[in-house]
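Letters are used for the chains, namely A, B, C, D, E and F, taken in the order the chains are written, and counting of residues starts over at 1 for each.
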Amino acid sequence: MTRNTSIYGPLRLLVGLGCPDLGQEISEYLGVRMTGRDVIRFSNENIFVRLHSSLRGADVYLIQTLSSPVNENLMELLITLDALKRDSAARITAVVPYLSYSRSDKKDQPRVPITARLVAELIQVAGADRYITVDLHAGQIQGFFSIPGEALTAIHILIDYFKTKPLQNVVVVTADLGFAKTGRNYAAKLHGRLAFVEKRRPINGGGPEAMTIIGDVRDKDVIIVDDEVDTAGSITGAAQIVEAHGARDIYLSFTHPVLSGPAIDRLRSLPVKEIVTTNTLPIPPGKRLPNMTILSVAPMLGEVILRAHEGRSVGALFE
Amino acid sequence: MTRNTSIYGPLRLLVGLGCPDLGQEISEYLGVRMTGRDVIRFSNENIFVRLHSSLRGADVYLIQTLSSPVNENLMELLITLDALKRDSAARITAVVPYLSYSRSDKKDQPRVPITARLVAELIQVAGADRYITVDLHAGQIQGFFSIPGEALTAIHILIDYFKTKPLQNVVVVTADLGFAKTGRNYAAKLHGRLAFVEKRRPINGGGPEAMTIIGDVRDKDVIIVDDEVDTAGSITGAAQIVEAHGARDIYLSFTHPVLSGPAIDRLRSLPVKEIVTTNTLPIPPGKRLPNMTILSVAPMLGEVILRAHEGRSVGALFE
Amino acid sequence: MTRNTSIYGPLRLLVGLGCPDLGQEISEYLGVRMTGRDVIRFSNENIFVRLHSSLRGADVYLIQTLSSPVNENLMELLITLDALKRDSAARITAVVPYLSYSRSDKKDQPRVPITARLVAELIQVAGADRYITVDLHAGQIQGFFSIPGEALTAIHILIDYFKTKPLQNVVVVTADLGFAKTGRNYAAKLHGRLAFVEKRRPINGGGPEAMTIIGDVRDKDVIIVDDEVDTAGSITGAAQIVEAHGARDIYLSFTHPVLSGPAIDRLRSLPVKEIVTTNTLPIPPGKRLPNMTILSVAPMLGEVILRAHEGRSVGALFE
Amino acid sequence: MTRNTSIYGPLRLLVGLGCPDLGQEISEYLGVRMTGRDVIRFSNENIFVRLHSSLRGADVYLIQTLSSPVNENLMELLITLDALKRDSAARITAVVPYLSYSRSDKKDQPRVPITARLVAELIQVAGADRYITVDLHAGQIQGFFSIPGEALTAIHILIDYFKTKPLQNVVVVTADLGFAKTGRNYAAKLHGRLAFVEKRRPINGGGPEAMTIIGDVRDKDVIIVDDEVDTAGSITGAAQIVEAHGARDIYLSFTHPVLSGPAIDRLRSLPVKEIVTTNTLPIPPGKRLPNMTILSVAPMLGEVILRAHEGRSVGALFE
Amino acid sequence: MTRNTSIYGPLRLLVGLGCPDLGQEISEYLGVRMTGRDVIRFSNENIFVRLHSSLRGADVYLIQTLSSPVNENLMELLITLDALKRDSAARITAVVPYLSYSRSDKKDQPRVPITARLVAELIQVAGADRYITVDLHAGQIQGFFSIPGEALTAIHILIDYFKTKPLQNVVVVTADLGFAKTGRNYAAKLHGRLAFVEKRRPINGGGPEAMTIIGDVRDKDVIIVDDEVDTAGSITGAAQIVEAHGARDIYLSFTHPVLSGPAIDRLRSLPVKEIVTTNTLPIPPGKRLPNMTILSVAPMLGEVILRAHEGRSVGALFE
Amino acid sequence: MTRNTSIYGPLRLLVGLGCPDLGQEISEYLGVRMTGRDVIRFSNENIFVRLHSSLRGADVYLIQTLSSPVNENLMELLITLDALKRDSAARITAVVPYLSYSRSDKKDQPRVPITARLVAELIQVAGADRYITVDLHAGQIQGFFSIPGEALTAIHILIDYFKTKPLQNVVVVTADLGFAKTGRNYAAKLHGRLAFVEKRRPINGGGPEAMTIIGDVRDKDVIIVDDEVDTAGSITGAAQIVEAHGARDIYLSFTHPVLSGPAIDRLRSLPVKEIVTTNTLPIPPGKRLPNMTILSVAPMLGEVILRAHEGRSVGALFE
């Protein structure tokens, strides 16, 4: 067999409109060119996809993140999967660095959907044989798929970055109690302590939500961590209360820069020294703040794709 | 059992954001109130649906057309179906008056998807037990569903309207040869003749597409028919050539007013006496031309829903 | 890997009772011998299939057309697929040059089946991983399959044949308005004009069906085209009216020679110069007319099988 | 609810071409008229089914046995199921008194199909929600279905008949060792003894199959039992050897009169007093021998249908 | 229809060997007798289930918790579901108060299963149409099911009990950071504060796991909360550190009393005033401590079953 | 490709807790080391599986027999399959030498499950692509799987062993009439005669079950055969009656030594010369009788695995 060919056929890359730059980086990491395709959005808003060359018998990795416009990008992902399936690709892996709708992962009130499960089903029914994603909002979302996949984490990339900095008396703070356990892992790897921000509605139901900090941050270097920052409401509150309690330097660290609505305005006004995130979602130039550091997940995704293609252990990469 | 209850449970209506007015009309036809629901589009573009009251054990008809924004409305449809399924509705019927993506119904070139089949699968996997739709681009799309459903037609509504007019020497013209057979049916019911417009690219590949009329339209009242009008390109060409060949009055008749992009500008400038269509898609005020007549499919849909609910023949309605 | 082996295993051919000669031709094209198998029809009419040698781990192409006896051949196809699946073939492609039941592809009246979708399901459930077929009655039938496949066309084979003839002023006539669009493509490739035959029942419902020709055929060389000729009713009517309108030479061209019931008697009596068709269905000697030309689809099918096996583009073959 | 209506909707009967008389008998037992339907076999051999009235929302029992022509009747069954499903029947039960292909129920040699499982899958995929059948060749075939069903037996009908006869010293003989266990049950209920016929090929492989009787039949009234008689080869051999060993009166008893090929000629020449069977398969007049008694399964099927419809125990019927 | 009958048929209860007392309580709440069944465990360890009377056409609720012996009880659940499905029950709801294997809900290391998803699949494939369960380890496990269901919580039962006690300065402590968010809800409803116990391995990897308390418990009444107590390791550590930090009275509160291995010995030795739990799992007499309070979930489950049966809102019960 | 690699990836073996010795033997036969894995049974009885190294892209054979503890071993099998699937193994074959629950293969009374079908479904849904098993209780159980597989027999191993013995006038006796046909095959291959043991309840229902021998065993060497021996009830009765009828030497021969409950005590007291069985189930030292001969199925399984891996005929091995 020739180079880059395995029992699944030759390795091929296809990149959706959601993350062209990340796709390019992965392509360079692998030394495999992106297969051309047209993605046309007709004036009736129907999305149409046409592959420039056949991927018949190939081991195809379709890289498409669910960035804005989210539903357009999701439909493009599904439609491209259908085109790949009907083109008789040998194996199709949906590489979705940011899986949107992940917060709708359970019925925590009556009469609502579990959209994350629905999205997993849609990806499967459209034709994916496997999936690769990064830092799911909840690890359990892996179980929404019946196909195999890799639910990777970029946390070690973020931590490695912080390890290069001369931080003192690190305290890791989670803005969301649902992220407490992951926060503990962060703290352990950085040999830091842990603190939490608790939000609670007033008993009488009136007035603003009260915020408490549980744990000690005074004169500490604080890293506020989360899996994603969307409108930046929680993380803003956390940064403010942490500052009010006398923290030294404050850092923000999160994998997915969703940064919707008021997020950038809020982040801009925060007393934080540095905002560290990744490129699982593209950040348009207008949203790049001077104190923002964007680490690339491309080498990780590229290496995982290579190992998946060649039938080598992915887990070993992280041990 | 109480009124409006069958072996499928009580009849309930839910209406999506795609066609609120049509939903209201159907609700009035049936004398059944629309069940309230929230449809929230968060700033991260995630759509969230919450039913105001439980539809457990009910025979639910979810009315949502795939109007603009198409992909948003499709996702809302799928998410609402998931919410209904998880709320233990007894039977769920997706009522989709206009099924978008219907023109992507076959691979007529290599390496493309069959998105209409994909959409049918998505609707099924999300939780629909049945579907109801109107004037599919191709009747075969019924076979893309494995669930039962009603693929209705509004053509008799359009024809009945034309029968009230004092037309003379009617000739039915189809702008798209793929619609020729349906055009014949139009003509037969109106006791008119038939003519076709043929488009063909020049042999040398250069210059504009040539258009020919096959059949005789001089001094005739002409009805140009199609299933939908999207950008109005074909129908515009047809109207022009029909006028150039000496037609008397010209009418346009089509079920689905997609009317995207340049459609309205094109239609406004055409020498047609009347444009007759339906409300399977809402037409915003700015797109309503003075010579436009919009017939309602609400009574038909309402009656079909009632019969489906009660286990009475739908086919008999059309015989 | 040895010759004729790909990631799907070695290439193997199996031929059903429906088209032994075509199977032999494909076998010769590919230089791959047909795997032996018994097909026994017990006196209780149960069909039994036994493979002469194991196809475990092979890339198997089962060639079986749905010729007469149609339902026997369909059951043989399904039973053989089950035998192949349970023999652990690595990949199974059902090659069905003529897919019967294709005209039952939609509910155009109430309370009828969509048998073409059913047949597609049966082929899948029996064990096919892919399908290959030729000139489906409607391209949408591709979407009845959720497995990938190639819906090929033999029209270019027919057209290439006509291009070798000294035809003058060609007019392509379609006998069935549902075939109008394909007729247009025929005409465009032959640089000819287009005409249509319209059938219509009398308004009062009594008397014979009236037939009109739309377009001009006088003194022209006419090719009447269709996808298949079954009882030859439509095409006979078309040939007669075309002759009555003064056509010069008349040709018939169609892919699938079903030729059931009165077909041969009708064709024999027609004033046509040549009947051009293919071998997607075997034509028994008694049905071969002197003016009949049968073109072979074997090289096309053989080449497509080879490309599918080797993971090379099939689409490129037709571009 | 009105009479004959349950939570599954009103009870409706549909009868296929395989067993019109049995259908009529069941209809009379139930006092429910058969719903009309057309079954058309076009000259291209395609089967077409059209229901005369809608079965929407009904609890439908489709009665179709797999008599000759077997594959035609099977396809008719599948196509009718599809029509019923797409007509939105509330629940569909396939009543198949004789399930053909039941002897192909395991791979007892390499590279063969398990057609009985395939047939069960086809019935499910075509749209059946439940099945009812009689005396499967092997009880395990119930497990080939994932849908629920009733695998009934007519043996008690046969035994009750024999109980009315003044038999002496009954010995039950099975012609097929695979039927030994059921033969034991026969014998137990008739308070008779048991004997077996063993067939064995000669050791050197040449010459005719040798037949031995194991057990004592001299001067006994012998009932040779089996589930079905196809070509009557085994049962003929059994009758001959039983006679040769000095049996008094000999009876044949079997549920399914397949009676294919040489069966009738063989049965006619046998020294048996009476041939007792049922009408799970219609016996054409020319195959009805003077010593043949045909018992009806219609009351049993009718009663089971009624109980299934009303949600009452079927098992209790047999206890 | 008679009382206790809905569109799903009459309400029927079946109780597995895992929780006979709870089943009895639910039966009394509903006034519906338990349907008899045999559950036999042969000496070859095969479990066999036989229903005493038919549940054909009934709305069946099978109550089986996954108590010890866990895998036996799971197999009994699956086998009973199969028996119910094949008995043509109209609708089958698996009521599983404690869903074992819930902690195996994600791949948090390479090469491990997601057993909770597997168990959900097994329950579905065995025949359940719906499920009801209590306090899943993670809410996302709802999304492991594609069938609808009710994931209930008993936390309000526990909280209501604590509200009857004269507690002072309540602090809610979670022993597991993954439970932090639920702990916050506990605290909010009890108008108490929140504290956490953090466990961390020493940096050099040697020595015992270090435990820290984050938040203030001195002189407070502390309730240590969790979803389940298995070996009681975490909760024991939490109780000890809370005591060491000067808490006043200490309470334990958890839904599922798994209480395996050393649990009872550990709990017995703890300085806690009261252990409050429920009967989602039966607690054998030998494991009932004097300071243990067992609250019943039977009224909640009974009411939910009734509402599900009658098609009334379950969500409304909790609002 | 390297040795031991095929289109399905490299050959890998994994062995469950049910049959470690058999796994070791197969490993030695193949010269392929067993992949390490942890199987942990927590004190809450949850089984947890962790592979020591990745099996991504491999052709994996998981060897796990359903020995005691049966339900634990079945759950371990399912959980390991899930782990393999989620580790992206290329193809997974469940090798289950003894498939428990096989006797629950049909509904021979109302309201019982078909557990063998359920088990087949569970194995498929957990992730198996293929199965290999030995001497199913009924060959039809092959049809309970929709995945391909090999249902092997060890009978030729047993017969080859008996052929090495100086037996005289062999009579093969089946203790169970359901095994009569297989008994005939035994007898034919050993050139022996055939006899049966019939059990029957007394007519009045009281008193012990009566046992009759049908056929002649006096002064013959008798081999009593069955597929498995569970409690040894039937085979004990058979041996006693055979001895009472004057047999010479008596042998027992069966594939699966289930040997539960009183089996060993019964076998120990029987007047049989030799008990011949296989190692499809491990026999603990305390159950090994002096006159017991255990033949290994490891070479057969090893060879079948090798051929399945390499895509060579398995059937040819047995012809």
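Some observations on this one:
Quick note on the criterion: contacts are C-beta pairs under 8 Å (C-beta built on N, C-alpha and C of every residue); 3 or more make two chains touch, one makes a residue touch a chain.
It should be emphasised that the depicted structure is a prediction, and the values quoted were computed from it without experimental measurement.
Touching subunit D and subunit F at once are the following chains: C, E.
Contact with subunit C and subunit E alike is made by A, B, D, F.
Distances between chain centres, each the mean of the C-alpha atoms, put C farthest from subunit E. Comparing chain pairs D-E and E-F, the larger number of C-beta contacts belongs to E-F. In terms of residue-numbered contacts, C-F and B-D present the same interface, as over half of their contact pairs agree; the other options in D-F, A-E or B-D do not. Note on chain placement: the centre of subunit A and the centre of subunit C lie 49 Å apart, centres being C-alpha means. Distance between subunit A and subunit B, defined via averaged C-alpha coordinates, is recorded as 39 Å. Chain contacts: subunit E has residues 1, 7-8, 53-54, 86-87, 107, 109-111, 114, 117, 121, 142, 313-316 touching two or more partner chains.
The list of touching chain pairs reads A-B, A-C, A-E, A-F, B-C, B-D, B-E, C-D, C-F, D-E, D-F, E-F.
The touching residues of subunit C, when paired with subunit B in their complex, are 105-111, 114, 116-117, 121, 138-144, 146, 151, 176-178, 180-181, 183-184, 187-188, 191, 193-196, 198, 200-201, 203, 212, 214-215, 313-316, 318-319.
Residues 42-55, 68-72, 74-75, 78-80, 82-83, 86-87, 100-101, 103-104, 107, 109-115, 117-118, 121-122, 125-126, 230-231, 258, 260-262 of subunit C are the ones touching subunit D in the complex. The touching residues of subunit C, counted against subunit F in their complex, run 1, 7-10, 53-54, 56-58, 85-88, 90. Residues of subunit C touching subunit A in their complex: 1, 6-8, 130, 142, 148-149, 307-308, 310-316.
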